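Below, subunit A partners subunit B and then partners subunit C, in two separate complexes.
Moving on, here comes the complex of A and B:
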């Protein structure tokens, strides 16, 4: 399941090119340092070029990077993290079906807390409730984190809120955009979705074995597919500039590390309070609630400590939502018709 | 992960021997029908003998079963089940580390609802909370069932109660023993544990992907290991006779099928009522409660519809247990000391 030695060798190639970014590196030197043939080096250079990495080939001399690539390669990300739990081990795929599927299998095989799976492209990216997640090549961050919290399955909702808060912080600090969170875990910019989070778990009744936080962020998409344009966007489309995926991934892994420890140390309210401060959906928002019981209109009334959303129905009854979706409802202003002057 | 073609061929061998139980089957005929060499047939016959199957070898003639073996082989179990969902596909191992581990991996790879994994021996049988489960060769039933219920993770507790009720029915009807259920899912005979259930799940926040019910039953153990003797027993030790494992497994798969559909059709209370009727722990039992919060003494006060156990603390407060363990406490009779005659 883990990316094979090929990916690790391509990561070495990226490392070599970045380390020698100002000079031309001879092909034979690259080949011997990585331990592959010169023609394999050439194949990999072509692969990196297809991912948008600008590499100049100098005849009879070698290869030189034109600029530092914005690939989610461990050699570019890992050195920025210090000695974290989350991201201590990063598995990088150029293309995979779904990073959550990879992470769930790795977790079943015993992968350690904090293992991160990241991909340039997903061919079968998954969203909540069996929906697809649009995963364009080298434009997004498609990542799954394996957590092994000493908690029961009842803690899963607050872990997903924790992920939402971490993404909120990372996007805000990296782009300066105003980011909102729609309960439970959609990140919105200008009311359009730029990030979704899919939380999955392996558990017995009393305790979590592993939680996989799948995080998909639309970063540098220059346009969204027509059918998504009204409801989804990318950071680049909203910020009107390219955003460094490497910088955003580094910020995100740091925020996940920080908020995870905050949750374990200070408990659920440390997360639910931060979530409520970051979300316009936390309180007083008019929403349509869609869940297994059907649809209804309600007004949000804060989070309870378990991470459930309190809602007030129009008949005054309050209840806690533990699952389902909420959609903002435009409040209709009563249009009072003035009597026309006769 | 699934047992290889070898297991399926040994199952064919068992089928051949059982079908021809009254006659001597020539070795070359067996070899050609299964498609292996005569020396392989001989090796497998030896393997079956090591599992307690009595097979007579008649020189220059062939092999004959002395009696129908009590192996959990699909060829012996499957024909008894009709067209069920649970048990439509039975994967039989002579030895595996843990049937739950096998089933969890199969579930992650997409195995269908109702797939059953069963083993003659587990080398690393698991119980709840990371404990080991003693799994002696060909003496117990070590089984895991993959369910894919259209329910949320909140339904996991009642699924485990459902399994307890099914095992209770199967043991009662097969052996006539008086069986008790200790919340949530230990089966007791004469206050000693004869069956444990380990429920594991793969889920997202809103829905279960797969539930694996691991069921371990001590059937024909002639003695329990010294360290377990005070708290655990086998059906044979309590009934003072050998119990057919095949017959018990067939009864169990039928009861699981029946109670699973009962749960989906009639909802949680169809299960919690049956559970409460089968367990002396449901109401009025003095117990020590052990959970993450510590230990306390309490009296049981019924199940709530989610499958949580209601307990009344000594200060009169009631609460619901969703996780943890309860242990029966012997009620101390106040020994009133009579004044001695002077």
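Moving on, here comes the complex of A and C:
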């Protein structure tokens, strides 16, 4: 069903090593338990080592895991989730072009609600409007979730805020960092972006087929590419310690499950209230609004029930921002940049 | 929309909508708790919307409550009042009052958002007038709150008209493209 996804037997190998983490597991035992040849075991062990998993080979004895690996392997994640809707089925890729592309294709082929696609590396990670998402190997969480919500297409955009709130909770509880949400759903730490969410929907006028939430989190990047350094960071760079990707992914899937059901049960305000409580962008923030119509300066004034951002222009008029970006404007520079009368 | 909504003089086959017809419709709707009304008949589409509604009641979960102040949904929308998206009947001209879309398949926006004609600012548009499209082919992207909706053609045929420009805000149900179905005689 999912070409290119990680062989489930590799997942079994990881599981076997983790289960016997303190002992040396003989190669032939591994080979027979997962049903492959000893040379395949050796090839896969090498592959895992190339991803940073420390496995000690003991001559004539077998293999021993040095540390619990921080791979987003379904065998490490799935048992932590109980019986969820989101994450009941997790497809893992060592490398793929874009998890959203994989998920959209799976959704078109009928993949179930709650299916999760996760990759150690993306070679063509995508952002909004054709922008690229930097997806360093084994350093981030690159994940897409297929949702089939009982919502009309017109009511679906609030799912993007729901995802933002869920990531906010997961990062906060896992790292203790102070996380901010920039409307609609960029996650910032110390004003730098650590997570981006690209949501894609397949719908007809009155019928929603599927929504794919694509979530990219910069977790253990030790440095960001030069061109991104001023605007983006990783959790490790901000927390000054390594963050367990497995732990973060488990927390994230749980929070997505929780907030998704909150939305369906209690409606949009369950999400917009949590969003507003978690974001400094909700009210009174001086921002530059950038959308297809151009740019302007404004002050934020809460969310409307759909999740659109209320903004107050300098001429006093208020409106709801449905699409576009907001960028924080430092107040000192705002007075200099105030537009001249036309 | 036959039956309940029609009156004896209502436009029907062979008759086009006049200003009087629209006035009659407005009278019919006036004083009722209808904030938005849309109908399509014989390829003519009428949409009437009241300008001072749709205000968020922050205490309700999903719902909307009566307004205390007007809300601009997006910049550059039509002013509050009556909106008739198709060309309005010109006074004193006997020409067909409303451009016909009969036989055409109109692709409409499923969400309120921003219309993008291309996948990226530097990329060529997905489609242009004169292009032949297949069912499922992507025609545009509508964005709302970073939810990207790739709108796919519901019928195969030729794009004969586009109604909106790249970057323009669009409403729910707003016409985006007219497709002349290829199977049509």
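Here is the rule we use: the second predicted complex is superposed on the first by the 327 of 342 C-alpha atoms of A that agree within 3 Å, B and C clash if a C-alpha of one lies under 4 Å from a C-alpha of the other, contacts with A are read in each partner's own complex, and residues count from 1 in each chain.
By definition in this document, contacts are C-beta pairs under 8 Å (C-beta built on N, C-alpha and C of every residue); 3 or more make two chains touch, one makes a residue touch a chain.
Note that the structure is a prediction, hence the values are computed from the model and not measured.
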{"item": "Clash or fit, subunit B versus subunit C on superposed subunit A", "value": "clash"}
{"item": "Subunit B versus subunit C as contact partner of A:184, first or second or both or neither", "value": "both"}
{"item": "Partner chain(s) touched by A:324 [first = subunit B, second = subunit C, both, neither]", "value": "both"}
{"item": "First, second, both or neither for A:155, with subunit B first and subunit C second", "value": "second"}
{"item": "Contacts of A:105 with subunit B and subunit C, given as first, second, both or neither", "value": "first"}
{"item": "Per-residue contact with subunit A, leading partner among subunit C and subunit B", "value": "C"}
{"item": "Partner chain in contact with A:293 - subunit B first, subunit C second, else both or neither", "value": "second"}
{"item": "Which superposed partner A:305 touches (first subunit B, second subunit C, both, neither)", "value": "second"}
{"item": "Partner chain(s) touched by A:269 [first = subunit B, second = subunit C, both, neither]", "value": "second"}
{"item": "Subunit B versus subunit C as contact partner of A:205, first or second or both or neither", "value": "both"}
{"item": "First (subunit B), second (subunit C), both or neither touched by A:128", "value": "both"}
{"item": "Stretch of subunit B penetrating subunit C in the combined three-chain arrangement, among 22-30, 58-66, 220-228 or 310-318", "value": "310-318"}
{"item": "Overlap of subunit C and subunit B interfaces on subunit A (superposed complexes)", "value": "128-129, 153-154, 156-157, 160, 184, 198-206, 292, 322-324"}
{"item": "Subunit A-facing residues of subunit C, complex", "value": "56-64, 71-76, 108-114, 116, 119-123, 143-150, 152, 154, 166-169, 172-173"}
{"item": "Subunit A contact footprint on subunit B (complex, rising order)", "value": "104-105, 108, 128-129, 152-154, 156-157, 160, 184, 198-207, 209, 292, 322-324"}
{"item": "For the subunit A and subunit C complex, residues of the former touching the latter", "value": "128-131, 153-161, 184-185, 197-206, 211, 266-270, 291-293, 302, 304-308, 317-320, 322-324"}
